[in-house]
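Here you go, one structure.
Order of writing sets the chain letters: A, B, C and D. Residues in each chain are counted from 1.
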Amino acid sequence: MQTVTLVPKEQFKISVEGEVITPDYFAGKSGSEIGALIAYEGNMPRPLSELFEIKVNGSAETADDVKIEINGNVARVKRIGEGMTGGRIMIEGDVDMRCGAKMKGGIITIKGNADSWVGQEMTGGEINVQGNAAFYVGSGYRGESCGMRGGKITVFGNANDFAGEHMCGGEIVIKGNAGIMPGLSNKGGRIVIEGNTTMPGSEMTKGTIIVKGEVENMMPVYQREGIEAIDGVEFTKYVGDVIVSGKGELFVK
Amino acid sequence: MIIKDVLCPFCGCLCDDLAVKVENNKVVDIMHACKIGESKIRGHDRIKAPMMRDNKNSEFREVSYDEAINESARILANSRRPLLYGWASGLCEMMKKGVLLTEEVGGIIDNTASVCHGPSALGVHEKGLPTGTLGQFANRADVVVFWGCNPVHAHPRHMGRYSVFNKGFFTNKGRRSRKVVVFDVRKTDTANLADEYVQVNPGEDYMVLSALRAIVAGRVDVVPDTVGGISREKLVEVAETLKGAKFGIVYFGMGLTQSRGKYKNIDNAVSLVTELNAHGKHSIIPMRGHYNVTGFGNVCAWETGFVNAVDMSRGYPYYNPGETCSNDLLMREEIDAAFIIAGDAGAHFPAQSIARMGKVPVINIDPFHSATTEMANIVIPTKVSGVELEGTAYRMDGVSLRMRKLVDVDFPSDEEVLDKIIAKVREIKGASS
Amino acid sequence: MDLKATFISGRTVDQGCNLENKTSKAYFDAAGYCEMNSADAGKLCVEPGNNVKVTTDFGSVVVPLKICEGNPDGLIFIPMGPWANAVVDPNTCGCGMPGFKGIPAVVTPTGETAPTMQQLMARLK
Amino acid sequence: MSEMLIKNATVYDPINGVNGDLMDIAVKDGKIVDSVGNSAQTIDAGGRLVYPGGVDAHTHIAGSKVNVGRIMRPEDSRTGIKPRTAITRPYTGYTVPNVYAMGYRYAEMGYTTAFEAAIPIMKARHTHEELEEIPIIDKGGLTLFGSNWMVMDAIREDDQDRLAAYVAWGLLASRGWGVKVVNPGGGEAWGFGKNVSGLDDPVPNFEVTPRQIIRNLAEVNEKMNLPHSIHLHCNNLGVPGNYETTLASFDICKDIKSRRDRQSLHVTHVMFNSLGGNHWGDFVSKTDVIADYLNKNDFLTIDMGQMIFGSATTMTADGPVQYRNSTTFKARWGNGDVELEDVSGVTPLYYSPQVYFYGVMWAMGLELALLTKDPWKVLLTTDHPNGGPYENYPEAMTLLMSKKKREEAIAKITEKAYDRWHITGIERELDWYDIAIKTRAAHAKVLGLVEQGKGHLGTGADADIAIYDIKPDETDATIEYDKVKAGFRRSAYTIKGGEVVARDGTITATPKGRTFWVRTTVDNDGYGRMMDDLKFKFRNYYSVNMGNYMVQNEYVEHPVVLETEYQ
């Protein structure tokens, strides 16, 4: 087991692109080797050693045996955990955009808030956001047909607009409220919103959206299919989006 | 001397039928222009010379072009996250230089579309855009929809030249050849000229568009009694009007791009129009604001692959509105220098964004004293493109035309200033590497 | 006495005419006002030309009132420009575009004077 | 100016009949010469393969369609990225590269000339703006005339002099090199969401047929003595059974005599137009019939439009096809009608080898090239980016050169395709000489560029030369196709106008290319009648004033103008 601890040396203002902060990049590397990896602060290439205090305990052959602990504020570090295949990342505070993008495996835990595009295009693994998540949880890149394809994202607080846009698989659980239009063009993912939301499921063709709180505005594109119980609680089941001959299932209390 | 076929350097209509009388290098008469175009060509008080100040609250002092250019280059070359914003009231020739400068300094280039039709581009990423040139609509459209736009005010000659009152090949009765429908949240002066005004609750356009799509798809059964403040009966009636068109055209504006849902409204409107093509021919087109904002999107796309909001900090383009647009960056306080050219961020960004701009060095390149000038440290006056300088602009429908020069002035062009800044940036960067 | 309203901004022809004339009185006249219908103005007991204060979660601004009967009840309009910008929503909702339309607002009559463009900008430096 | 000597080159120069001779090539001032002095820069080719610079006669590299593709597809532009260097601007994109990648990638493969296959006159300024920004390569473009009101009105009124005057004016206005005809008449019908169903279906409101449009334009093309023949995209593209329309379209021009040493009809991306069957259920390849026609007739050339599996961005002036594509495959739809002139559509598609009709169409491009005996009659293209991006030309070349490679590819295609095609029975493997014909010599000949110094290495030709890291005498392309493909993908040297622009697949210099266009003088009263009609249409129907319409000289900075006369 290799444990790598990163402590930011300063409060970054310009965002740092830190796609090298993954178990895959760190596996088997010494502290100085990790410190030599390059992140970009705006247009400035900067070795991680300039940005973080780095401590390494133990060693690992593969990403699966790497644990990265980030102690301090990385609310201005983007792309942490991008494309990771295994291992763990623990972020004590907030994290910037695209955390866990294209993630394939492993676990990311964010104790604070996640900025937009957490879990963008992820295909596997697990992301837990203990605070709030901003826009586009588990969504895709502009123009791509699929967002999240697999894995699970849990947001313990609220999530903002467009959660699960173009989702093709996997699961998103939002314990708080979701902003507008969750599950847009859902093509096979499962989204559970325990709080309130508005306009869910537009253009959904496959998959499931369950809203346990209030739906402020229902899209005028769903066929009501009666009452169904999920885990002992009764929901009204809708099927749609009818415009796209969708077979998506939307459960509303 | 009367110069004919003059192009108007104001709005996206890019009217090209103006005649301008010039005597002794002065514009003395302007024919065929709208009130705004005439005002633009006649001109206003100019910034007379480059100016600089260290403190944004102190008075400007006049400086030489070289001094202002060199200082601008120094600021940009030493910046880690410079924003280069504006561009829309300039010519394509200078936009190319803008992309190059952005590469040189590893900055972000963004144009005024990010507070205008930027969401329309995001809608195009989702669904495409069935569209055409304005003459196609003029000659053929028998059903004309204005959705969230007000051409009487924003594009004063649009309805006369292209969309409503003019005669075309298949629309030879002019206004009587067309049924005009306006969707808006308030009864605008455009709505007063329509055959049908449909009032939408603010922020509910998306649901109204979906309801119309459902009706067109034959699923009126799922549509509730009212959607967005409009009765189902009314929606059915409008859907029938649209389906009955031989050629329908939807012109849309910031009523869709700036209201709740933003780009999703465009996405949905494009889908409605696409689906209507099962019945007749239908097209849709954004009503672009600045006369060459469409040109920026084209130049940026062919230069970088992306339409706007391009981050060059890694030496290659990265695009992601929500992350790389001016207001995203300003609200995050990431920017450490701002270069504002041919667009007025100061007058058209939310106050909180501008306050963030107030904290960094601002370079303002503009012929006129704008709200951005108030926030600037360096001001460099240039020629008025399309009046004092010829070059390329793109009409809202993507038709590229060559702007004419009417009078000569001593100011440098935007392109010349950019060339000099690029050369100086290279010198500074070359010396430090 | 106040009016709960939905605020939008947008273009007008006079605002367009003065886009390159922003330090002038004409620009203030073209972009520094708030439009509502006469019924709403009646609720506030204000006359055209009186100043009103428009307040949203994002700021407030004092501008003179104009009447436009095309506005439905509870809809107020300020032309795009520095006055509108004082109250718009800077949040870009993940797509780059701030909220210029559809913002909950409160309008109150006021004796305060309306700021010029320069005064508005000076607050932001 | 500079001199260069390429020594020990194994040269294939089909236009001059050079077939693998070991020789030296001398270059002076950007042209091929007989000899140079001792101080010339010397490149030792070491027996490696040397071709004239590649020429692409049909590709979509510039203009509003291409840019619509870029704007529509940010997910495409996020691929193919290379950061800027001291010499090069950043590269982006795969199917719709930015202008820089567009030029660099051609040059990296040893291509030095490419022709944009569809210029709408009204948007020609945009096309030239992009062409000017594409580095290194020489360019030209073909102007769209097939659904133009001026064209159809002149044809209906049986006024060929007026038609010729308009074609000449249109080529001048668009700075075009040739006459492109896409889905003749269908573009106008698409103005109201309709199409024409075949060669004798009259265009609504204009009362002319596609047959008349093709015939008249082909006749006028020869009377104008244009360097290229008409360049036809047939009606009914992508419709099962369309091979009959294609054969009938060929026949229209069968008796037209070319005034130049070239075909009198070029039909493009014939892969999309060789479909048999009545619907997608019984759809089969009819390339055998098409190839048979080509084998029996000499007035005609075609290009393949080879399909490449993976992502494609289809873009064409065939508007109705794109509407059908977008609705069938639920894909994004960019439509772009151009008033009075034509239409266009852009739709991203994904060609999967597991979808049988894509599998069959992949085979059909190859079948056309392999079943047609004369290599000069079938050009290698992918109809970039319709069949796939041009960066895959080396893939297509090696598929033509190796049956083994084809078998390897076939194994990945769904078996549902197997009984619908002819590819499995084809033994033919093209050689180095054939490939030189199909990728440069025939392109230059078909376009009429041989006299302009393109596609060959004879004295006086442009010094556009590709040296590939392949030794023809030591390399068996039928087996070592991976090595050959890699060699064609990254030239050892690309020399453009006597300057080394790429080395081992890396750009070393970025000169500006030239643009070819044609000016034809029409000196008869047809010109007057045409101008009257044109002025009427501008006054009443165009949304642009005539005085602002024509492409100005500023947009073609390095022109090469060919003058011809109408007879």
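The rule we apply is simple: a contact is a pair of C-beta atoms (placed from the backbone, for glycine too) under 8 Å apart; a residue touches a chain by one contact, two chains touch by 3 or more.
These numbers were taken from a predicted model, which means no experiment stands behind them.
The chains that touch chain C as well as chain D are A, B. Contact tally for A-B versus A-D: the pair with more C-beta pairs in contact is A-B.
At the centre of the protein atoms shown, by the Cα-centroid criterion, sits B. With each centre defined as the average position of its C-alpha atoms, the distance from chain A to chain B rounds to 34 Å.
With centres defined as mean CA coordinates, chain D is found 45 Å away from chain A.
In whole angstrom, the spacing between the mean C-alpha positions of chain B and chain C is 22. Between the CA-based centres of chain B and chain D the separation comes to 35 Å, rounded to the whole angstrom. The set of chain B residues that touch two or more partner chains comprises 122, 125-126, 260, 312, 314, 319, 321-322.
Residues of chain C found to touch two or more other chains are 93-95. Residues of chain D in contact with at least two other chains: 72-76, 78. The touching residues of chain A, counted against chain D in their complex, run 141-144, 244. Interface of chain D with chain B (complex): residues 62, 64, 66-68, 70-78, 81-84, 89-93, 96-100, 122-123, 125-126, 129-130, 133, 190-193, 205, 323, 326-327, 331-340, 343, 346-347, 540-545, 547-548, 552, 554.
Chain A contributes residues 116, 134-136, 160-162 to its touches with chain C in the complex. Within the complex, the chain B residues that touch chain D are 4-5, 7, 16-17, 92, 96, 100, 103, 121, 124-136, 138-140, 161-162, 167-170, 246-247, 274, 277-278, 280-283, 297-298, 301-307, 312, 314-319, 392, 394, 398-402. Chain contact summary for the complex, chain B toward chain A: residues 79-81, 105-107, 122, 125-126, 204, 206-207, 210-211, 213-214, 217, 219, 221-224, 227, 260-261, 264, 268, 271, 275, 312-314, 319-323, 332-334, 336.
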